[in-house]
Structure formats: structure tokens, C-alpha cells
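Paired with chain B in one complex and with chain C in the other, chain A is shared by the two complexes that follow.
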Partner chain A sequence: MIDRIALSTLALLVAASPAAANRVFVSNERGNDVTVLDSETLEVIGTYPVGARPRGITISPDGKELYVCASDDDLVRVFDPETMQETHTLPSGPDPELFVLHPSGNPLYIANEDDNLVTVVDTKTHKMLAEIPVGVEPEGMGISPDGKVVINTSETTNMAHFINSETFEIFANVLVDSRPRFAQFNDQGSKLYVSSEIGGSVSVIDPATQAITKKITFQIPGVLPEAIQPVGVRVTRDGSRVFVALGPANRVAVIDGATDEVLDYLLVGQRVWQMGFTPDDKFLFTTNGNSNDVSVIDVAAMKVVKSVPVGQQPWGVVVAPN
Partner chain B sequence: MRYLLVAFGLLAGAAHAEGGADPDWPCIQRKQPHLSLGQMWTGPAPDDAVRELARKPELAALADRLEQRRLPLPQAEAEIADYAKSADNQHLTALMLAIFDRIEPHRAALMDGIARYGRKQVDLAARIEGHRHEMARLEAIDPPDFDAIDAQEQKLDWDMRIFQDRQQALTYVCETPVILEQRVFALGRAIAAGLK
Partner chain C sequence: MIRIFTIFLAGFCAMAGTAMAQQAPQTTVRAAVLRVDPPSLPPISRLDARPGDLGFAGARLAIQDNDTTGRFMGQDFEAIEVAATPETAGPELQKLLGQGIPFIVVLADEAQTLALADQAGDAALILNAQARGDNLRGADCRANTIHVAPSHAMLADALAQFLMWKRWPDWFLVEGSHPQDIALAGAYRRAAVKFGARIVEERTYEDTGGGRRTDTGHVQVQAQMPVFTQRAAEHDVLIAADEAGVFALWLPYQTWDARPVAGSAGLVPRSWHPALEAWGATQFQNRFEELAIRPMREEDYQTWLALRMIGEAATRTQSADPAKLREFLLSPAFEIAGFKGQKLTLRDWDHQLRQPILLTTGSVTVSVSPQDQYLHQSSALDTLGIDRPETECKFRGQG
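Entry: the complex of A and B
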């Protein structure tokens, strides 16, 4: 009896205690700063300058280093996420826009839009390891969960390039629809999603065969097709839900990860661009570049729960792992 | 001459950055000729009854006032919240439609205007190039006709000044459709918050 009471009290305590609050970092492309939010209260903690035209943003797996593509400074700036003080910079090549971190935290693979290269940088020694020639206007970057395959998408060549993450050699190219913007694997490594902004589609690719198994397209009642421009893609850890930011359609599409069918379109803010999950996949944050806010989506309920004003032209978002 | 080349570069760069789908479009922002209601609104789809309602004087007057940018947004939101207290979903949808139908044609006309502005800049750039060739030709003549060179130089300076002034105004001009989009979206959000 006592045991049962103790147990139920414990259960109650666990249920009542809030999920761990994480810091949410939003890069503001025009504000030249990063807005930091609390993932639990959804309040703004502060806004910090981070250099010229910050776009891509990511954080190390241990949560100790925050990386920001300072596109107009032509480098990656690294910050202490606690203090938001800059600790050092990394060479990135010209106009870095997006990057992806190896699952181990090292190295960092950076797309250089202006010179058709992917730059590989060692995050420990801060040295450039390689420059990989890719297609014209490289943009989207993805990495397989085992860290063996890096994907780069080139906007003008309209390809997803499969790069061996150790030899830095391209071993496959997949032609996708016009202007591919983003590449995202599911955590199972069984699917790769590549969004095409002008093509208006998401290609689902089997990473083993590099074959396109499905092209997801979007129709939203009352929205002109040219407003539907898929950009950011995120997948829940279990692979069951895929979220696609549709740019000026101001919607996020929710897709069934098993059937690749669209389940719903959620109205968020204007020109929705990139997205980031909390580590428990409870919330998804979306950056809305024209309404200058971040929408918070309750992932399980598939509902927008709040919009939080941030800086000027929010672009990227990442949530601290701890 | 170098700054003229820079200005050309900017113009070309803007078109290039957005895939060059429309060479007449001078803005960095992607050209989106028309807005659609579904970009702003997930409430009930307007039917004939709602369209009829949107034309009623009382609702039209409210839409006219809310649409004006001189009415600060917080005040517009407060007016909408007030209206929503007694309005049903049909009336709120009609209000959204009335606002959208005011802002969208205004924005579409503005988009056309910007495209014309862009074309004029391209024409002016061609004319400047012509002046430059003429200058080179005059300067090559021996003996030089200094009066003709001076006159030509003045033409060149004048056109370049117009070109640069317009180019500087472009940033602001290109922002205007975005400001209208922001307005209609923010009003839509406020109206949607009042849906029952």
C-alpha cells in the first residue's frame, strides 16, 4: 500500500515537473543578431550581436559551442551559448549560408554559395581540412546519421551531391526539381528528403540506391501555386513525421514519414524558412522572415501554439541539446 | 565610371540572386505578382453570402479604416478585437475578405510599378553606355572639340546621377510590397483570433 502511494506520488511528481528548459537560438538575417528564447516559457532571454548577415546556425552535440554563418563577414563565428560571447571564428570560404555538423561534433561542412565549393573545417584545430568542388550555387547541407555521407544541394545545377565524408569525394549525383534548398536524413538513415524551392516539391531519396522513391507535392486551397516554395525540412527522431517549411505560403506541411503523404498544412508566419525541434521533439520552432517572429508548433497535436516576436528577418533556428 | 559599374553589378546581382526568372524585376525579394487569401487565412472559405456581406457599407467602412497604414497596428488590432466580440464567423470572414480585396490590388499595382521602374533603369543604363561611347569618340578626334566634349560630359553626369539616385531608392521601393503583406497578414491574424 505504502509502496503504491510512494509510486503514485513519484509518478505525480514526474508528471508535474516541467520538461527541461532549453535555449532556442534564432539568427536574424537583417538584425545581425541572435535572439535567445526559453523553450519552456517561450520568453525572449536576450538578443546578441553576432556579425554581418547571420543565416545558418547550429550547435555542438555537447551544447558548448554555437556556430553561426556570418554570411557577409565570410566566416563562421563561434559563441559560448551560455554567455553569447564570441570565442573564435572558423574559416568558411566566401558567403557561407548553410552548414552541417558531423554527428560527433567534428568536422563542420559548409556550403559556399559564391564559389561552388563545400568547405570542410576541423572544429577543434579551427583549420580548413578540404574544399570540395560541387555544382553551381551550393546551398543545402545534410549528413547521414552514421556520419558517412554528406549531402550538398546545388541551386543552379539542381542536384543533390552524395559526398564521402572521409575521402571528400562525390560518389553520386541525383537530379531533383528546380532550386534545391535543403537536405535532411531521417534518424533511421532510410530516407533522405531534398526540398526544391522553385520546383515546389520534396524528393524522397533512398540513400542506399540514390533513387528517388517519391516526389511530394503540395496543394493548399486558396493559395497560388507559385507561393508554395519548400525550404527547410525536419524529421522527428522516430521518423514518423516530416515538417516542410513552405516559404511565402506561410505554411508548414506535416507529412507522414511512413507513407510520404501530406497530413496537414499549418499556418505559421510570413515567409517561413527554417525549423528546429526541442530535443524531446515536443515543440518545433519555425523562423518567419517577413513577420519577424518565431512560431511554436506542438508536434504531437500538430497545432501552432504561439508566435513569439524576435529580431529583423529571422532565418535559422537551433535548440540547445541540454 | 567605376561606381556605375558597381551599380550595374547590383542590378544584375539582384536579378541573378533570384534565379533570373524575370529580367525586369529589380528587387532582391522574390517576385510574387499576387497574394492569395489562403496565405493569410485558415478560417472559413468565403462563399457568396460572405462576399455580399463584405460589400455592406458598415463592414466596408471598417475595412477602409483598418487597411490604412496610418492607423497604428496595435490600434487596428484593438478595433478588431472589439468588433469580434459581437461578430460571428461569417462577419469576421467578410471583414478579412474586405481587407484583402483592398490591399491585394494596391500591392499588385505596386508590383507592376516596380517592374516599370526596373525597365527604366535598364534603359537608362543603355543610354549612359551610349554617352560613354560618344565621349570616347569625341576625345579621339584631333584636334579635340572641347565644347562638344563638355556638353557630352554634362549629359553623362546628369544621367548617371539620376541612375544612382533611383538605384538608392530601390531598397525602399522594393520594401513597400513587403510592408503591405505584413499589414494584411497581421490584420488576418487578429481577425482569426476572434473566430468562434
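Entry: the complex of A and C
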């Protein structure tokens, strides 16, 4: 009830102010809930139950539907981002971990970690369109900016699978370093970044030729090489900066999108996992699973400006587009 | 809804950064798992009874995993499962060698593992998935053997680091009377020296034979164990070295002094535990349990890992040529993910797989070693076990 009042107050504020703040949604894997933050005040708006073991989280391009992988419910749960009330569920296949939405908002491509499948679901009809067999422990999901190519990474097979987003056929497989976790295109579609958690590297792949053009590795003074485990990857809209969450190294690496060279390491919370930009690329939010907080990075200044306590074991984060 | 079954034929491979236009022709990588089952008494706890598919279940999961990757690479994997007795192990190995199987995962005791390695010679690479004796990594090391199972020294060091972190440096060491118990106790003595602990009292628990489990077992134990542990020097923890599984499980709560038990009972160092959930292990445990309908044991994990190492070598070299795979496995380029939060690699001085060790009780993982406080110039994992300067291993043909 208190949350609702807070929400409606905020809604009034938002309506009154043209420089609208965005809502930031953080999935808490152990808390079975989502913490909602305000991207301007960086205050917690509320915490809402979302089902068992929420991990992957994303939002529709129109900002009207929030999707959460409820891994232990074997479902994708869909919420109204304004009210945080569940509107419906989507069939996801078993143990959904990460997913990616087509740039048009439909369909949703979901990695089923327990079943070596990628499940494709129509977000309008709520029907399953296809199940695509991939490698062992599918995890990372990416999609090209034109929506034509879906990437899935399989953690034990150590490959990035290139999938035609319409025919659902795999047309290329690129072997990368151990335990590929995440796949992210730049908005120009000229580079695909695949992080390898155990291999400790990020492979830069030319999507046109599926060739690895560079393997980015990381050295941080005072941090054991074993602790450097790249997971989440995000790229600024102009493609100039790439941010890589380094897991138990408690750092986010900043990479020059043109030269693929590491520019800096930013100290964040413990076991940094996934990240999300505000729509204007002003802030980047990182989930820190072991310190139960979110670090806020000022993207232009390349500085951590704040950490905000959230729920138990924050995993994923997405910022509303409007 | 369409299920896409034909994509693997349509798919093509991209290797070493270059997309290949055609699927490579199907090649097969052959291996075997040779398990030697000595005649033995039932374990103290019926929960510890050996499942019939011990080790083999891990092999089946590894082959599934390897084949899933192999479909994209044009590679097929197989592992022949052989259960032998100590008497039939030699002839069974000969049969496998006769079939030209180049990789043999061995689940056997120290003496048998060594004998099988010598019998195999240059004909096959042995992957030791059970025997923990330090001698196999030291004076008795063999160039044709890779140790996937952790050594006694690694397990003892893993526990010692944790006990020192707890500031429990005074140990009461109780060892069994079997040779493997004595070897394990030696590893604890070495660990005490290495990490600055003191063994303040040592006793030997003689195995006088007989059943380990009787209807009145616990009644006897309740009288015997307090007496056996009575009037020991002041200690922080009792460490049991009972590789043969004769007495250690009876120690917790039955000691004279109110002290925790570690080693072969209580807090036990292991390569694997079915309750581990960190580092993506949950999915791995689920896959295994779906296949085997039971929790994963260390022997299953070690066999899985051994066959995954072969699979990884085949993937990375894009080859089924045993010589190439062997060369890659023993090269600095080799690394494997094993659901332990970091890459696992091989020590070139004794072919031991570096790996974190889980410190476990019956139902949880209490801690994982190496502990953060123990640093090393090359790999924190080398704070566990026999490091390069201390090794007694000299592979034949090397200085």
C-alpha cells in the first residue's frame, strides 16, 4: 500500500516534469523480487515480488511490458512497469536465464540453460514459435540491431551460435574462450562482443564474416587473474565505449569501441554481473550480486558516482526507455 | 511450434576466428572408462553404498556434453565402460589397447593405477579419476598419466588453510592402519608444517576386521570412541585420516573432548559435492541427476572432467588425432571449465590438474580453498599440493 502511494506520487512528479526520470528495474535472484529505482534521484521507489529466482530482465521498446525470467518457475513473467502488477506469463521452456527481445518488441528469444535450447516466444500471441537446439548450457543472448541475427552463447560448448531470427536456423558457430556468458552487438552492427567468464576474455567478432578480430584480455594490479571473469557487456549508442562487468574482480572495464583497448577499470560492488544504460547513456547501472547493491556509473566521466542498496543477490538490470 | 532438427546439417563451423564454409566430415574420438572394483565390506553408512554406475554416470554425461559440441564440429565421442576386478583389470586394459583406444580413464587404487599406466605405456594416455596417493604424482609419476583426481596433499592443504584461517592450529591426528590411511596422514603432517599448524597428538585406529555395520554398531561405538580419544593433548580439532573408511564417520559427537572433527569425517575436503550451487553448478547437478537419478559423487565428477578434457582438446584442436589431443592437453594452452569458478589447468611438473577444493559437511559446502589469504607467485591453486620446487616427479626421458 505504501509502495502504491509512493508510486502515484512519483507518477504525478513525472507528469509535472518534462525532464522525466526513468525507472530502473533490478532483478534480485535470491530475493525473488525486483527493486525499482529512479534514475535521476537514484532512490529506491519500491520492491515488488516477481516469482522464483528472477534473473534476466528486459523491457519492451514502448516501455509498456517488463519481462522477467523467473528461472525456478520455468516461466517468463510479464509486468506492467507502472504498477508492477503481473499481466500475464509467457512459456519459456525450463530454467530461463537470459533472453533478448527483437528490436521491434516481438518475438522474445530465451536461453534455457537446463535443456540446451533457445525458445522463441511471440510476445503478442504468447505462443511458443520454436525451440532451437544449441550447445550445452545456453546462456548469453544477443540480437543484431537490424533484428536479423540472434546470437546464443553456450557455456560448456564454448561457442557463439549465429541464428537466423526468422528461420530459426543456426548458420554459423564461433568457438570462443571458456564459459561464454553474454553477447552484445554495438548499435552500428559492426561488432559483436562475446564475454568468456572462465577464459577471462571478450572476443570481438565481425558479424559479417563471423571472424574473431580481437580478443580483449584484462590485467588489474592486485587482482588475481582467476578473479577476472567477464560477464555482462554493454555498448554506448555511438559505439565508442564498451563496458564489461568483471564479476569477482569487482571492476567494470571500460574499452575504446574503436581500438578495442582497455581504457580504465572502475571499482564497483562485489561480483558485478549485469549492466544497463539510461536511454541517454548518461548513467550505467551495475548489479553487484555479493554486496547486494547497484553501482551507478557516470558514463561521460567514467566515474562511479553512487552505490544503492537493493535486494538479495541483484542479477539483472534494465532501464525504462521512457 | 516447429522444432528445428536439421540445423546441425545446415550449420557450419567457424574455427580460430575464421568461418569455415563446410561442415567437417564426422570423426570419432574414442575413449574408455576402466573401473576396478576391489572386494570390499559395506561402508559405515548405507548412504555411502557404491552405486553400480559409479563413475560411468559421469562418463555418460561427459559424452552427452561432448557430443552436443561435437555436432557443431563434426566430431563424435564415445567411451567404452568396463567394470573389472583387480584380477581382470590387466586383461581388460589389454583388450582396450588391442582396440586402439587412446584415452583410458582409470578408477582404481594407487597400486592398480600405477600398474595399468605401466601396462599401457605409449599405447594410451591414462587419466586417473580416483587414486589420490601423492606417490603417483611424485616418485612414481608417469609421463603417460594425467591426474584429474586431486592428490592427498591438495586435500590436506585445502583443509589446513581453512583451519589456519579459523585459528585452529592444534591438531589431534588419528590415522587408520591401512597403507592409504598412513599415506593420507603423511599429507596432513606435511600440511601442518607447510601452514604452521601443530600436531599435538597422534593415534592409530587399528582395523581389527569384521563388519563395519552391525545392528549394534552405534552402541559399541558410543562406548569405544570416547575411550579411544580420551586424554589427548589439548587440541583445537581432531583430524581423521581414514581413507579406507573404517572408523572416521563414528568420530563426530563421540570424541572425549568437545572438539570438531575434520578430514575423513566432519568437515571433509572433496573435489565435488552434490550440494554445490555456485558457478553454474546447479545446472550441471540438474543435468547429472536427470541422467543418473542420483546425486553426483566425486568419482562421477572426476570421470566427467577427464572426458570433458578430451572433448575440450578435440574442440580446440579441431582434431580427433590422439597424438594432437595429447599434445594439446599437456601444453600451456590447455584449460577447462569445471564449475569451480575458475579455469582448471595442468601442472607440467607432475600432470596434476589444478583445482579448487570444496570443504564440505554432509549437506553443504562450508568453504572453498585456496583461501584468499594464501598467495602464490603464479597461481593461488598452487598453494594446494606439491609445488614445482618440491616435486619428486621425474618423467622418464627428462632431467
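Following the convention adopted for this analysis, the second predicted complex is superposed on the first by the 303 of 322 C-alpha atoms of A that agree within 3 Å, B and C clash if a C-alpha of one lies under 4 Å from a C-alpha of the other, contacts with A are read in each partner's own complex, and residues count from 1 in each chain.
The rule is simple: a contact is a pair of C-beta atoms (placed from the backbone, for glycine too) under 8 Å apart; a residue touches a chain by one contact, two chains touch by 3 or more.
All values derive from a computational prediction rather than experimental measurement.
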Fit or clash for chain B plus chain C once both are placed on chain A?
clash
Between chain B (first) and chain C (second), which, if any, makes contact with A:K127: first, second, both or neither?
second
In the overlaid three-chain picture, which partner chain does A:V136 touch, first (chain B) or second (chain C), both, or neither?
second
What is the contact status of A:G222 with respect to chain B (first) and chain C (second): first, second, both, or neither?
first
For A:Q270, select first, second, both or neither according to whether it touches chain B, chain C, the two together, or no partner.
first
With both complexes overlaid on chain A, does A:M159 touch chain B (first), chain C (second), both or neither?
second
Go through the superposed model and pick first if A:R179 touches only chain B, second if only chain C, both, or neither.
both
If you stack the two complexes on chain A, which partner ends up touching A:L42: first (chain B), second (chain C), both, or neither?
neither
Looking at the overlay, does A:I198 come into contact with chain B only (first), chain C only (second), both, or neither?
both
If touched residues of chain A are counted for chain B and for chain C, the larger one:
C
Which superposed partner A:M302 touches (first chain B, second chain C, both, neither):
neither
Once the structures are lined up on chain A, find the stretch of chain C hitting chain B; candidates are 218-226, 362-370 or 380-388.
362-370
So chain A touches chain B in one structure and chain C in the other; where do those two contact lists coincide?
155, 179, 198, 224, 226-227, 229, 248
The residues of chain A that touch chain B in their complex are 155, 179, 198, 220-224, 226-227, 229, 248-250, 267, 269-270, 290-291, 307
Please name which positions on chain C make contact with chain A in the complex.
1-8, 10-19, 64-65, 68-69, 72, 280, 283-284, 286-287, 308, 312, 315-316, 335-337, 341-343, 379-381
With touch defined as at the start, can you tell me which chain B residues reach chain A in the complex?
19, 21, 30, 32, 34-42, 45, 178, 181-182, 185-186, 189
Provide the residue numbers of chain A that touch chain C in the complex, in ascending order.
95, 113-114, 116, 127-133, 135-137, 154-159, 161, 168-175, 178-179, 198-200, 209-213, 224, 226-227, 229, 248
